[in-house]
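Once you scroll down, you'll see the structures, which are given as structure tokens.
After this come two complexes, each holding chain A, first together with chain B and then together with chain C.
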Partner chain A sequence: MWLPFSATFERNYLVMRRAFPWSFFLGHILSGVYIIVFAYLSYFYVFRGELNNRFISSAGTGDYLSYVILGGLLYSFSVSLLMIVSRAIITELREGTLEALLLSPSSRKGYYLGYMAQGFMRVGLEFFAITSAGYFFGLHLKNINWINIIVVLIVLILATFTQALILGTFMLYFRDTYITQNTLFVLMSLVCGITFPPAFLPESVALIGEIMPLTHGLDALRMVWIEGKPLSEVFPLLLKILVLGIVYFPIGAVCIKKMEKIVLEKHFG
Partner chain B sequence: MIEAKGLKKTYTISKKAGFLRKEKQKVKAVDGIDLTISEGEIVGLLGLNGAGKTTTIKMLCTLLNPTAGTISVDGLDAVCDAMAVKGLVNMIAGGERMLYWRLTGAENLRYFGKLYGLHGLELEEKISSLLSQVGLSEVSDTPVELYSKGMKQRLQIARGLINDPRYLFLDEPTLGLDVPVAKQLRETVKNLAKEQQKGILLTSHYLEEVEELCDRVYIIEKGKIVLHDTPQKITETVVNEFHVSVETRTLSALEQSKLAKGLPSCKIQFLPSSDGTILEIKAPFDPTSIIIAICVEQKISIQKLELKRPRLEDAILALAKEKSA
Partner chain C sequence: MRCMSILWAEAVKSHQHNFHNKLVYFSLLIWPALLFVTSYYSFKPFNLSATGPLSAYIETDQIILFLLTGYLAYIFFWSLVQSAWNMSYERQAGTLELIFLTPVSRITVMYARAAGNLFEAVWLFTLFTLLVLLTTGQADHIHWANVPIALLFLSISAIVWGGFLNIVFLFSRDAGILFTIFEEPMQFFSGVRIPVLAFPVWGKVIAFFFPLTYVLDIFRKLILDGAGLLQLIDQFLMLAGVLAILFTVSVLLLKKAEHHAKETGNMVLF
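Let's look at the complex of A and B:
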């Protein structure tokens, strides 16, 4: 698994250096910044800095700006990771390299992990840029336990990786990236608690958020970042994310492998 | 040896059958093919478009699973032991696919080498030897997007050899290449089989290339093998017609009749020309020796004699005509 991992990492790094995907990079940063700016303007100029008690009890905090900024930050983070991994095979198909890849006896896990690890370099830059923007709009960066935040992010990355495998399967099935990915991203922005708590949604809609790792990742990140809670207190949330990952992984791995065969038959047969 | 027995592949396709209704239809792409490829041998796979050539190759190199039948590669089952078989085979396709254009030639080979489990010094030596073998050493650090079509095709050959496969599948390898580049590529293919003892399966629409390279040829039609032999025997079996054109001095009626009598099963036309007579002869065998004998006997001097042997292309055309009739 190591060789396909390092090969894919190196290949994508070289491609990124020669043709950096500026449109995706700036697009993800801007979507995170838009969420922050929109929340800032509406909070101060529409709602005059007032929050009702229902928000405070549902969100578990009265710091609305930090709540939304972290929402925008983690949303962009998840969307970038999902896009990087899920588009891997369909990009090979479009560039005409899928056959050469599938001809080799290499581990597909190593391939996807290499994709994700290299993509994380770009995602890390986006994360840093949105965090910096958030700082100017009220995100506090003092007295933060960065280790706890990194632990939450690692658990979320693992679950997002497994979710990306399922998204990739749908992309291959529909032979489309744009509509498929954006349908999921719009749904995530609605049900995962990016700018408002999912409790504000009708119960049946809020339930969809329960199967998204991002919902629980956001709750966990806000607890450790805004409220400074220890990991022991966010452990049940981390467990939920891990369970989702454990459920998604075999489904994603089996489905994407099956879909690769179907694509080969339909496309090249 | 690669041995395929009773190979079948059926695709299920959906067809529109009214508003929001679809009907599923089964299409037999390959219908019971038996074939063998030995090490050191170049085998051709010919057929018209849609005959099942590409599907057959995809099954042999493990990209597609057969619906029925078995494929054995040096005793390994291509479906059950697919990962082991992938290490023994490789495929080179025509066109400009199967390469990463933003990477350089060396980076492409490094990437694919690692996917085949090579690393370190062994990989670097392999890359340098392959690049020199295909004549791309000087442009090894140039991105592939700046390569010409011929250079990309040569790099594809290097990619196809990165795992030192025992069997190589070449799907239209000279498609769209200039004549000198295609010739050079044919030389490489010959060397791979004869010097490196690789078993090669070749599909090509350039039939002269198949005639030049292949030891044996399978002709498939609608997923079935309709002929299997050496290119020469296939041509003789299907076409069986030699064209001979002879230029002589002006022949008298008697000489013309002697020639016609000496070649009873042949069609002869005597055409007047400015310098004499042109004989156009169509025969089911090579009639040159008989023509020369008659001319010597009749003291007719031959100014020019041209023999057109039947080609594989004529055989394929004849077969296609037969099928459409």
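Let's look at the complex of A and C:
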């Protein structure tokens, strides 16, 4: 497993350095930063800091800016993670390397982990850039227990990985990345509580948010970041994310394997 | 006559290219609808009472109407951004080079490309807007007699804008980065979601650079306030000025782009 891991890591690192479309990288950072900047402008210039009481009660905080900044941060974090894993196979297909990959007896786990590990370098940079931007717009960075935050992020990353396998299956099925991924992302921005608490949505729509790891990840991150709650208090949320991951993983793993076979038959006869 | 045949050819091409796959309906309807709903709910955390800060600029019970008209105009403009994006595929596939080898007028092709794509790209969201108006009981607030003329001005402006974008893509197939950078600010500053008047001076200066700002102002005044054409003469002159500048820049850029392509080799690469 180590060999395909390091080989994939090294290859993707070279791709990132030599041929990666930087517009992707910039696009992810900007999507997060724009959420932050526009929330800031609306809050100060249009609504002059006047919030609705229902927001305070359902968000559990009166700190609108930190609420939205963390929303923008984690949203672009999730989007990047989803894109890295789900686009892996279809990118191989488009670049013509899928046949070689499928013929080799290498471990698929090693391949995906290598893909993810390399992707983390980029996601880490994006995370750092958006957090810095958020700091200038009012995200507080004092007295934060970073270990708790890392724990929440790791749990979220695991669940997002399994969700990405399912997204990847759809991409291979439709042979499309643009529409499939963006439909999910637009939906996530509505139901996951990025700029407003899902409690505002009609109940049936808010239910869709319940099956997204991001919704619970955001709740947990806001609790530990803004309110400084200990991990024991966010444990139920982490458990929810893990359960989602446990449900998604077998479905995603089986489906993407099946889809690989179909793609193989369809395209390489 | 020749213009019409170019327009028809571009419309057929756009249809065959985009509508072979049912997934296109997601980008035509589902995305804009979800975007509209998301921005509606993004207002919810704020004080939206009749005495709240927003009430100085729009009536708070008309937020849905404000956003609907904003997004409708935005979709007209945005759909042409998407169509310009496809220009990079035309470069890669070599069809752009073929078009430039034919004796058609380049500027006509650029505008026909935008116009040929517009109707198919916006009709679904326009229907959605109508449906929301009817189901939310807001249809009575619309000045229906002004709707055809408002849509006409919106379409003309969008086509001039779309032609300009197509020409920008003649320079590099990586021009998409420009839209990554400017798309969201256009949505925010041109008054799609928030009235331009609510911005501080620097925000209004930014709004000044987006043609959508001028169109949207006229569009809302015609449809929501029922203003007559004569009452809006100043705004119309302003819009005409902006479009004339955009057109002139487009013509100059097109000449430069072709010259550039001839000098550097072919259009297939950069």
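FYI, the second predicted complex is superposed on the first by the 268 of 269 C-alpha atoms of A that agree within 3 Å, B and C clash if a C-alpha of one lies under 4 Å from a C-alpha of the other, contacts with A are read in each partner's own complex, and residues count from 1 in each chain.
To be clear about the criterion, contacts are C-beta pairs under 8 Å (C-beta built on N, C-alpha and C of every residue); 3 or more make two chains touch, one makes a residue touch a chain.
On a predicted model such as this, the values are computed, not experimentally measured, just so you know.
In the superposition on chain A, A:T97 makes contact with chain B only, while chain C stays out of contact range.
Residue contacts after overlaying the shared chain place A:S106 against chain B, while chain C stays out of touching range. Judged by the touch definition given at the top, the superposed model places A:L187 against chain C, while chain B stays out of reach. Taking chain A as the reference chain, the count of touched residues is higher for C when chain B and chain C are set side by side. Contact with chain B, but none with chain C, is seen for A:S6 once the two complexes are overlaid on the shared chain.
Legend: residue contacts after superposition of the two complexes on their common chain; A:K142 is shown touching neither chain B nor chain C. Across the complex, chain A is touched by residues 9, 11, 29, 54-55, 58, 61-65, 83-84, 86-87, 89-91, 93, 95-103, 107, 110-112, 114-117, 119, 143, 159, 163 of chain B.
For chain A in complex with chain C, the touching residues are 21-23, 26-27, 30-31, 34, 38, 41-43, 45-48, 50-52, 54-55, 59, 64, 174, 176, 179-180, 182-183, 186-187, 189-190, 195-197, 200-201. Those residues of chain A lying in contact with chain B across their complex are 3-4, 6-8, 10-11, 14-15, 18-19, 95-97, 99-106, 261, 264-265, 268-269.
Listing the residues of chain C that touch chain A in their complex gives 21, 23-24, 26-27, 30-31, 34-35, 37-38, 41-42, 44-48, 52-54, 174, 176-177, 180-181, 184-185, 188, 194, 198-200, 203.
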